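Before we start, here is the structure in question, set down as structure tokens.
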Amino acid sequence: MRYSKGKKEFDRITNGEGEKMMQPLRDIAPDFERFIMEYPFGDLYTRTELDLKTRELITIASLTTLGYALPQLKLHIKAAIEAGCTKSELTETITQLSAYAGFPACINAMMVVKEVFDEMG
Amino acid sequence: MRYSKGKKEFDRITNGEGEKMMQPLRDIAPDFERFIMEYPFGDLYTRTELDLKTRELITIASLTTLGYALPQLKLHIKAAIEAGCTKSELTETITQLSAYAGFPACINAMMVVKEVFDEMG
Amino acid sequence: MRYSKGKKEFDRITNGEGEKMMQPLRDIAPDFERFIMEYPFGDLYTRTELDLKTRELITIASLTTLGYALPQLKLHIKAAIEAGCTKSELTETITQLSAYAGFPACINAMMVVKEVFDEMG
Amino acid sequence: MRYSKGKKEFDRITNGEGEKMMQPLRDIAPDFERFIMEYPFGDLYTRTELDLKTRELITIASLTTLGYALPQLKLHIKAAIEAGCTKSELTETITQLSAYAGFPACINAMMVVKEVFDEMG
Amino acid sequence: MRYSKGKKEFDRITNGEGEKMMQPLRDIAPDFERFIMEYPFGDLYTRTELDLKTRELITIASLTTLGYALPQLKLHIKAAIEAGCTKSELTETITQLSAYAGFPACINAMMVVKEVFDEMG
Amino acid sequence: MRYSKGKKEFDRITNGEGEKMMQPLRDIAPDFERFIMEYPFGDLYTRTELDLKTRELITIASLTTLGYALPQLKLHIKAAIEAGCTKSELTETITQLSAYAGFPACINAMMVVKEVFDEMG
């Protein structure tokens, strides 16, 4: 039940696009894919203490800071746009982090924002 | 002028409390302290693309993810409260990050939230 | 039920000592403490694909690499000893990581091993 | 002598496959390649305090946590398989780390496990 | 004025090559590109407390340690060569860091040094 | 022989002060302490491709970027001063890194520089 709740939330947030990232994980490690659906998407994303837009900006801030999480960053930038974030809010979030995570992490993250908007045309 | 603009913003955001973190930096490296006031506080915090509350939550997400930035985290948790963040929004932000930055980074950050609320009585 | 299963596992693994780290988290953010018991301890530690000793050494390797997770490292070094790890296996694990995480992360981790063995007399 | 001892161990552990990662390093910085053979492979991997399988799982835990070390992760996943690790032990190791290093680091590492098993057919 | 001072310094240091990394950033987030020119290149690189060669080696040490900053590393390796760094000083800098940042970060950085020298013929 | 060569270099560089950091490591894990003397200090610090002052600044840049390596940073700031680095070169090195490692890492590092100069009176 936590799985189906999380999978539904995941599909809704990623507008169905996230599934293609989960299929290879389900192939190699089905329990790992299940935990992703159950814990972050079933347990966390369904909570109401923060609105979805703020939750996505916070997630993007963490992924930008990690530096190596570009595939996940792309997914969550799309999810943030689905949740109503504007281009300006996304670029401003990453710009703000230059003071905390440094410019290289932010340049790489900004290039992912550009890639998403370029793909959307 | 960027310095005085940034210092004013810094004092406002940190409600005057930040100054005691800046004094030792000014003693050892005055230009470094000047750059902190000019760039993050003068250039970034004065922008209007994100409201201050969201800006602080994003900053807290980045500091939590870095893992080693507990003194800065304490300052920005206080600043977030000044900006109107509730306890619930702060603990939820850190809880959300358990999926991205891992539990140890979040446990350490949560203990700083507790410290701040304990000090506030 | 996941909570009580996880809490029981946590108390068993940490020989009751972990509770004092959880109490302050329960005070400030009860749902966060609940997620720690449910996900890592309820869902992960109860699995049988790896024996507990190996699971603890892997966890210690990750905590050493993060660099900032010394309180968690202390808890898991004790848990590893409870699970049957020898002093030599613990110091060898950290020594091995000098090639991957660098010497500073490993020196700080080794000092925690020393602290635990000093406390045990 | 430490070099030849390390190179022999490296070739044995990586089943001859590691050499193609070392050749370009030897071209640009021969002393650096020499240090890799001497220190991690000559000094560390030849020790007997941990069996090779455990040593590889620990190394994989550290590389997963670093997040950016995917080429090295691929080499050590292959080495772990050579040392007798099962697919289940590898995916379980990475699944365990989701609680410490976060899901993004583990998703990227799991994709490397999949790549290795796909290549092995 | 800080912008034009920084842009001039950036073009000088990167021998005009950096511009192609800045154009996409200017497209997606012009203020972010402006801050890069103003703060690191306008404010920091124009200072005289360290000579340019030392400044580039320090920057390369930081980028190597971050692990995920390979595009920025490539730019600064070229800039270091422009500033008079020899191949031997560059490979030695990265070799030195194996003890602090670990071998994987240094192997990835060394491959970028090789790429730059291969491109230069 | 590599040990005695490294230990001699270590004692020279740290002016005898480093020994008190090594004693507890020697107690808990003598081989680990031996590897520290042999590899970084015996193999790396005795090389001549970079002068000692530059080598220390590079090391300080890496330790600052790691963020969690404050005890090691203190040792190497003292070593850098022994090697002829001025206060201005040290604070400038850390200031430069604000653009790459972010301000929090640099603020924490700068406080260690202050601590060292305060202790020197």
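For clarity, chains are labelled A, B, C, D, E and F in written order, and residue numbers in each chain start from 1.
By our rule, a contact is a pair of C-beta atoms (placed from the backbone, for glycine too) under 8 Å apart; a residue touches a chain by one contact, two chains touch by 3 or more.
Because the structure is predicted, anything quoted here is derived from the model rather than measured.
For the pair subunit C and subunit E, chains touching both partners: A, B, D, F.
The contact pattern of C-E recurs in A-F, the pair among A-C, A-F or A-B where over half of the contact pairs coincide by residue number. Chain centres here are Cα means. That of subunit C falls 29 Å from that of subunit F. Between the CA-based centres of subunit B and subunit D the separation comes to 38 Å, rounded to the whole angstrom.
Listed for subunit D are residues 35, 39-40, 63, 66-69, 72, 91, 95, 98-104, each touching two or more other chains. The touch graph of these protein chains is complete, with an edge between every pair of chains. Listing the residues of subunit F that touch subunit A in their complex gives 98-104. On the subunit E side of its complex with subunit F, the touching residues are 39-40, 44, 47, 49-50, 54-55, 57-59, 61-66, 69, 72, 88-89, 91-93, 95-101.
Those residues of subunit F lying in contact with subunit D across their complex are 35, 38-39, 43. Of all residues in subunit A, only 67-68, 87, 91, 94-95, 98, 102-108, 110-111, 113-114, 117 touch subunit E in the complex they form. Chain contact summary for the complex, subunit C toward subunit B: residues 21, 24-25, 27-29, 31-32, 35-36, 40, 63, 66-69, 71-72.
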